[in-house]
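Please find one structure pasted underneath; my questions will follow.
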């Protein structure tokens, strides 16, 4: 009864075109932001913020990036993990070379490096499609992984081969390094993710997003309508890798504190792809839902046997986790190829016309 | 293009000189010749029909005109500019727009977005403004929305504005596709079997839209159609293809009386 | 100048200087290539019959090997374990058809592809859940496969041939020949080719699509088991092998997705290429180039011949 659009008339295109045309949705968004910016920092425990919220937001950002490429432009990529790595390593180098520059600024800048690399590996997409592209993105994945090991300059010739985040302050507040407070890092991550989500949404609802979707749905017709495949595909690769790069830089600088090549391996590429599939291809909201689902599921699974008083080995939980994720992927593809976002939309549609079924 | 070539039709439309000349086009796939040495022209403001039996090379001809296929021989002169091979988006930017034999809409998008997609080339605001959305990019978006709404009114598809096109019935999909092509404000509109698979009523609607487009916007139209009744009714001139060759070219009545055309349709042995 | 020498001259000088070692490298490349070809073969079988890009083929290799070793460790005699593993692969084929493919008929290829990624995750979790996640060794001698090696004198040096490698090549040869015969001569083989050409048309002449799918998935499962045994005998049995199994993808790019000879030639090219490149040029780049060489070759190849070595040129229609 509460979720209704009756009486909310749109008298101009601006209102009709807005991203949340229904008043209740706009209230909900404000509520989410209020919880994220005020309630969680005030009441969330360090554990909750550090092992749930921060990784959830970072993965959601990477998922938005991959969704731009796969969900909106229709180009499958298994190289997200490596593109996150490019962001992380470039941020590490930038922080080393410019020690006095604002580290948050550098995190965002490192996105441009992965955007450039992403465009290079996106070039083959102009000639090849579908499964073939999977192989070229895998080439990116394995080649870049190799670079992260063999090019010692990338990790300042550390004997461990790992990058360790130095302590940096912004306006006298410690933002990175072991001494940084979880809440500070959470707020930085949240602000970047909110801003970049807003930008992604703007791009998708405008001309550029439309040209991506045209390429996805019918590339030949798109070209005959005047979309240049070169621009459309490469811009999707660039934006997507930019998001992955920023997510990767934040993953190391705002969450892990140190990383080596394993943090960016092909399994991470799969993980992000699963978030996109389960959340919903071609949906920004879905990227958040998918990231929450995939990240929270193991946490719940780990807690579940304990709650029942059973003593299940960690490895077994890990295996069950794999089985459940694999099974769910298939389940979602069969039941609802558009993922959680679609289920959410259907629920809202039901709510809108409740109590009448049509 | 000079005004001395222009003529008046019986219903008062003005038809100018040739807007497009197709000169000696030959197209081969491997060893198969799809089009052999075809020449014809399209005059500004007219409705030009391309007819012929299945496999005559009609769709290939359209594909050559808008740059999707590159012919081995011959050239195409469009508004005084000659070319042999070009990419489809260049053809689009010169003002050639089209619909497809098998509907080629963007299935994941709504009717509104599909027609907005036709405005792609008219929208100029760069990446930066698109990122911010409010400001110039939004103003531009609404200007084009206005044009698109006019097309939606024209085609009488207001009710399906927000429906994903994949869910629409075939007849409406064809109409949306016409809308998308019109949104580009083309100077030459190519229609590939706009009435295929339609019932009589839908055909009448579609014929009316085609005539209105030609009449109201003065758009030059080249169309492929199998329904002879429709072609005879709406086309100003007809070119007939058979086995990749041109066998007749002229007014509907002349073509209808042409012995080669009758043979081609009734299947006289070659 | 030194760099140019290192790239263009030195490797060849080394090859000519130590021909015995070069032959050894070639042999290693040949054996690896054969195994890549086998994984790719299982993949081609499924792609030809159902148009499904089965990402899980590599995982099926590991899963089959894991089942075999796991059963043996549970006390089942080796040969019985082999038969039971075949049964497991058959069950897998039926389950995949019943639970996955049947529900995804007429979905876009990309959805089916992603479903097989889901399947591979499920199989990893399932395999480790049942048999444990620790690394295992293949029961080579228990299965009656040869161990040990022969040393051959060659050009003033020696070349070592592991017997298991020879067995691998022979078994691969037998497998490929019998599959080729089965699919070209038998009734099922003809039906399969009909399905590959056109699902609808095949259905209309009374071919059961579901049955065909079970058969090809089972055939791919047999190939996977054979590959798993050979590969397991050369290294260990664990899901870390999946990274190696992914190399079937560049092999397919080279050979084309639908060509059995293509899979074999592609496998051999990648096998030879990456071994030779690693041994003679890898040092210049700091080593470890085997990880990406195959992909980069495939990528370069794609740019010039997207349809593969044996595929047909694609004409786009609208």
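Letters A, B and C mark the chains in the order given here, with residues in each chain numbered from 1 onward.
As a working rule, contacts are C-beta pairs under 8 Å (C-beta built on N, C-alpha and C of every residue); 3 or more make two chains touch, one makes a residue touch a chain.
Note that the structure is predicted; figures quoted are calculated from it, not measured.
On a Cα centroid basis, the chain most remote from chain B in this structure is C. Here A-B and A-C were compared by C-beta pairs in contact; the pair with more is A-C. Averaged C-alpha coordinates give centres for chain B and chain C that are 49 Å from one another. Rounded to whole angstrom, the centroid-to-centroid distance between chain A and chain B, based on C-alpha atoms, equals 42 Å.
Centroid to centroid, with C-alpha atoms defining each point, chain A and chain C lie 33 Å apart. The set of chain C residues that touch two or more partner chains comprises 318.
For chain B, residues touching at least two other chains, in rising order: 68, 100, 104. In chain A, 220-221 are the positions where the chain touches two or more neighbouring chains simultaneously. In the complex of the two chains, the chain C residues touching chain A come out as 53, 99-100, 103-104, 107, 109-111, 113-115, 117-126, 128-129, 132-133, 243, 246, 249-250, 253, 257, 285-289, 291-292, 295-296, 298-299, 302-303, 306, 316, 318.
If you check the complex, the residues on chain B that touch chain A are 66, 68, 87-89, 91-93, 97-98, 100, 104-109, 113, 116-118, 120-121, 123, 125, 127, 130-133, 137-138, 141-142, 145-146, 180, 184. Put simply, chain A touches chain B in their complex at residues 13-14, 17, 199, 202-203, 205-208, 210-211, 213-214, 216-218, 220-229, 235, 282.
In the complex of the two chains, the chain A residues touching chain C come out as 74, 76, 124, 127-128, 130-132, 134-136, 138-139, 142-143, 145-146, 149-150, 220-221, 266, 270, 273-274, 277, 315-316, 318-330, 333-334, 337.
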